[in-house]
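Encoded as structure tokens, the structure appears first; notes follow it.
Naming follows writing order (A, B, C and D), and every chain is counted from residue 1.
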Amino acid sequence: MRLEVWRCTLGSMKDAQAIIERVRRMSAALQRLDIAVDSAQRSVAPGQHFLARLTESWDPYLREPWIPIRQQGNSLTIERPTGRNYQPGEVVHLLGPVGKPIPLRDSTRTLLLIAYDSTPASLLMLAEQALAARTSVTMVLVGAAQGYAMEALPPELEVLRGDDKGEWPEQRANFGWADQIVAVAPPPHDVTRYGRLLEAVRKVRVEIPQGYLIGLFQPPMPCGIGACQACMIRCQNGQSLACIDGPAMDLLDVALG
Amino acid sequence: MRLEVWRCTLGSMKDAQAIIERVRRMSAALQRLDIAVDSAQRSVAPGQHFLARLTESWDPYLREPWIPIRQQGNSLTIERPTGRNYQPGEVVHLLGPVGKPIPLRDSTRTLLLIAYDSTPASLLMLAEQALAARTSVTMVLVGAAQGYAMEALPPELEVLRGDDKGEWPEQRANFGWADQIVAVAPPPHDVTRYGRLLEAVRKVRVEIPQGYLIGLFQPPMPCGIGACQACMIRCQNGQSLACIDGPAMDLLDVALG
Amino acid sequence: MIELTGGKQPLTVSNPVIAAAGTVGFNSEYTRLIDMSKLGAMVTNPVTWKPRRAATGTRVVPLDSGILVHTGLPNDGAHRVFRANAAYWKMSPCPIIVHLAATSTDEIGKCAKVLDMRDGVAAIEIGLSDTATHRDVRLMIAAVLANTELPILVRLPLYSAPLLAAAAEEAGAGAIVVAAPPRGTARDPLTGQMIGGRVYGPWLKPLAIRAVGQIVSMVKIPVIGCGGIHNPDDAREFLAAGARAVQVDSVTWVRPDMTEIIARNLGGLELTRVAGALADEWHPGLGETAALRSQLIVSPPPIAPPTDLPR
Amino acid sequence: MIELTGGKQPLTVSNPVIAAAGTVGFNSEYTRLIDMSKLGAMVTNPVTWKPRRAATGTRVVPLDSGILVHTGLPNDGAHRVFRANAAYWKMSPCPIIVHLAATSTDEIGKCAKVLDMRDGVAAIEIGLSDTATHRDVRLMIAAVLANTELPILVRLPLYSAPLLAAAAEEAGAGAIVVAAPPRGTARDPLTGQMIGGRVYGPWLKPLAIRAVGQIVSMVKIPVIGCGGIHNPDDAREFLAAGARAVQVDSVTWVRPDMTEIIARNLGGLELTRVAGALADEWHPGLGETAALRSQLIVSPPPIAPPTDLPR
């Protein structure tokens, strides 16, 4: 279960400053920021994110989640909605990396990624790394996720579209084909979405192996470090913290009822 | 008492947007902003100021007092400390003009201005207008006010310096010479400062005429419009609001005890 | 129309948004910045029987996202206040609710009696001290009821509001205002002294809404929510929690336009959100500034401009 | 050293700055970001006798300048929590104060008994429900006292703290913590539902300081201030109001470095304010960045760098 990787990333958590180096508008709704980060924060893995603070003011109070979609040299690329203007040269406080890497199984050669009603940003780094390792990757954009800018996706990626109910024509075929599935659905509908997904997969695969069906949990995280207990996920067997044990959870372990 | 002037400026109070057009650093501690203002806010008189809001955030909450030191065409010049960076193009919400013009007497040919422990900004517009009307103007910078950048003062102005106790060598001569005196002292020491000033002037002038000795009162103003009652000044005869009846008060009327 | 108070002669208002006591003065102060006719009513600053002078020393301390105010409830005493403001109250564009500070049963009763005979006063709001007990609530309300037929609102302190609400209803209050701003202590940056006073800010809202939620399940008379409302959504949260109407407080000082926007929004008068212009100010092209255009890209215009503009 | 509690076996701490219950977890969570040895103590998250599951639904609502949190006090129950954290508590760089939620006298008594036998626990903090009465305060304290010799801190709810403080002292509390965060209600932007929970933010400070000021004049035992501290000056205001020590709450989540800065500042360990560096990190030239230089012009360096750096 790549425990050593997790240990080491846990150890590298830091609250450091980063500088915005470049701001690119990707679409009406999206912009991408290249930021120069502290060396300890460079080694971020797919699934991990940062909690960012841009102001000395207490309003807004909470840090915002910044999800890296690419890492290159000193710099990370972050995807943000276009609501706020960022300036090159602006300094941002980054706390992280938060959470554990998405546990991609060594045997995975065909990977199905599903983004429900949200930007697929938290799946992009995983997709690029998997493609680079010659894994076949299919991404399904479901519901509101269909509005995502196609140009912003890697060209090698097969992209499908699902309707608001979370269904798409190739669904059964995809479930049969995939060696592993990783889905992202935003709160508050994450548990509902994942429950339906598990049901749908069960119809195709009689036996679902441990670690096969992964859901990302991204509730608001006040602390990001396991202290405030606000990000708890109810599990079959106790409870887990999204910021420490997640965001990637084996959906067989989660209480999806 | 120029009641008609007051009426008309009261009537013109507005909450409008202005644009910062130019930012100049005057000294290590001071910068000046040229701002393009709404036509209703152009006719600001010496003594009046604006309450400015630069952010949509609620922290900081209160508006900050912006004191115009010059008016030219569409634009006002505002003096601010250097702590914050202002950008040309920045939009600012200005509420005002707040307060009444400083009531300069028609007979005044020699004017003494005294700035205690504070920037003389709120006296500068008065000084320039008086100089333009060929009035002789002397400005005394007392205590912390001595640090004010000389380059920022009009060259025709005679400038003297007073010590921390509020005294200066030419004091008695100045009090005898002046047709009118206008002083500014920041809270919380305004009442104490003005009390001592009144005492000192009494030693030179047996009879102090009404409207001769003016003090500016600049307490924090939550509303600037006479509603919150937080800016009250205790007077011999009841109470006055600094934002409505002030900032200029005849020191004979104020309870300086 | 909204029935703001219970009782025989209910006070009805046309808009659920009211300016809170202590924020808009006694008179026409804000008419220069706010169209007061858009508000449901305005509550005056507190009045006492005897004149009160302003507090000495520091009266304002800026807080993180808020403000501490310590005025000492200055006013010229009931007679002079009523006389000075009578003309405006009669012609006021919105109903006037006079706030009486509950200094003593005798004094508040006398204030009520004088008000009872005045035109232009729509209701009385009783303001209680922070340490008011059940008994104080009953006695103060009784003293006012004995002297006037005017509808009575009672503004309760935040901390004890759930404990006092039932007593206020039983004693005959027409409505309960939840809540008065709490008192706090903060250091004055100018003098270094610790200053006590009322505290205001957007963070008051969750505390007040909780109290509203508790109280609406206890009493049958209308509950008016008050505390930290800074935009139309804030006001709607109070209504969602069960409030019949709301009072807007300190935002009027720092963003006077917002008080009108809240009233217009809850009154269904906000039509041209995109350009931020008033319905009766809207004209084609109003929303075309660069700044506004950049916002449009994020969230497209929700509705087309109306072809028929209401007055 | 500071005597944090009265009584026979007072708890002494080396720094007046303590991490508040519910903010830093049960264990070493923050050691990665904060040098916990600089703190006077840390209070654990609340523990109950029986295990409690996390609340369902929304658990965080962002507020203007703050946050509403509704966790449901999740914990694995006293036995498992104590077992899982025993090793860290023994070697913790700062004293551990275990926060017990006052669910019932029986349960809290049993928790206290188990803790009494554990090494590494410096004191117990009792957390009361918002509706706790005098009687609850007395009974809960008695139940804990009957089962342990450990010093006892009692954290009182904000609204009722001045009413309950004397009862807590009489019942034998070693210190009073003023106050627990108040509860509020706010709309979850994601679901549109109204959510109730604890509310935190800098604006809590004036409310808590007022309560501290009231309570220090009522009781003789130490009062520990808590609520909205976000920088060293905030903490000093509590001390000025009469608090013996302070607990720092939600700032730890959003600016973890600030909690250490506050402790260092109040402990006299903040020496190189200008560069913002720690005393033991300082080296000549550290403060020479352009950004820092521009700040220097406004307020010149208050003190020269120390020649002898403390460890």
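Simple rule for what comes next: contacts are C-beta pairs under 8 Å (C-beta built on N, C-alpha and C of every residue); 3 or more make two chains touch, one makes a residue touch a chain.
It should be emphasised that the depicted structure is a prediction, and the values quoted were computed from it without experimental measurement.
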By C-beta contact count, A-C versus A-D, the higher one is A-D
Please report how many Å separate the Cα centroid of subunit B from that of subunit C, as a whole number. 33
I'd like the Å distance between the centres of subunit B and subunit D, where a centre is the mean of that chain's Cα atoms. 46
Considering subunit A alone, which of its residues make contact with at least two other chains? 58-60
Residues touching two or more other chains, restricted to subunit D: which are they? 63-66, 201-202, 230
Based on which chains touch which, is the overall arrangement a line, ring, star, complete graph, or other? complete
Subunit C partner contacts - residues on subunit A that touch it in the complex: 28-29, 58-59, 81-83
Which residues of subunit D touch subunit B in the complex? 64-65, 202, 297-298
Give the list of subunit D residues in touch with subunit A in this complex. 22-25, 29-30, 32-33, 45, 53-54, 56-60, 62-67, 69, 71, 74, 76, 188, 190-191, 201-202, 230, 250, 252-257, 291
Interface residues, subunit A side, partner subunit D - complex: 10-11, 13-15, 53, 58-63, 91, 93, 95, 187-188, 219-234, 238-239
Contact residues on subunit D for subunit C in the complex? 63-66, 68, 158-160, 182-187, 194, 196, 199, 201-207, 209-210, 213, 230, 233, 237, 240-241
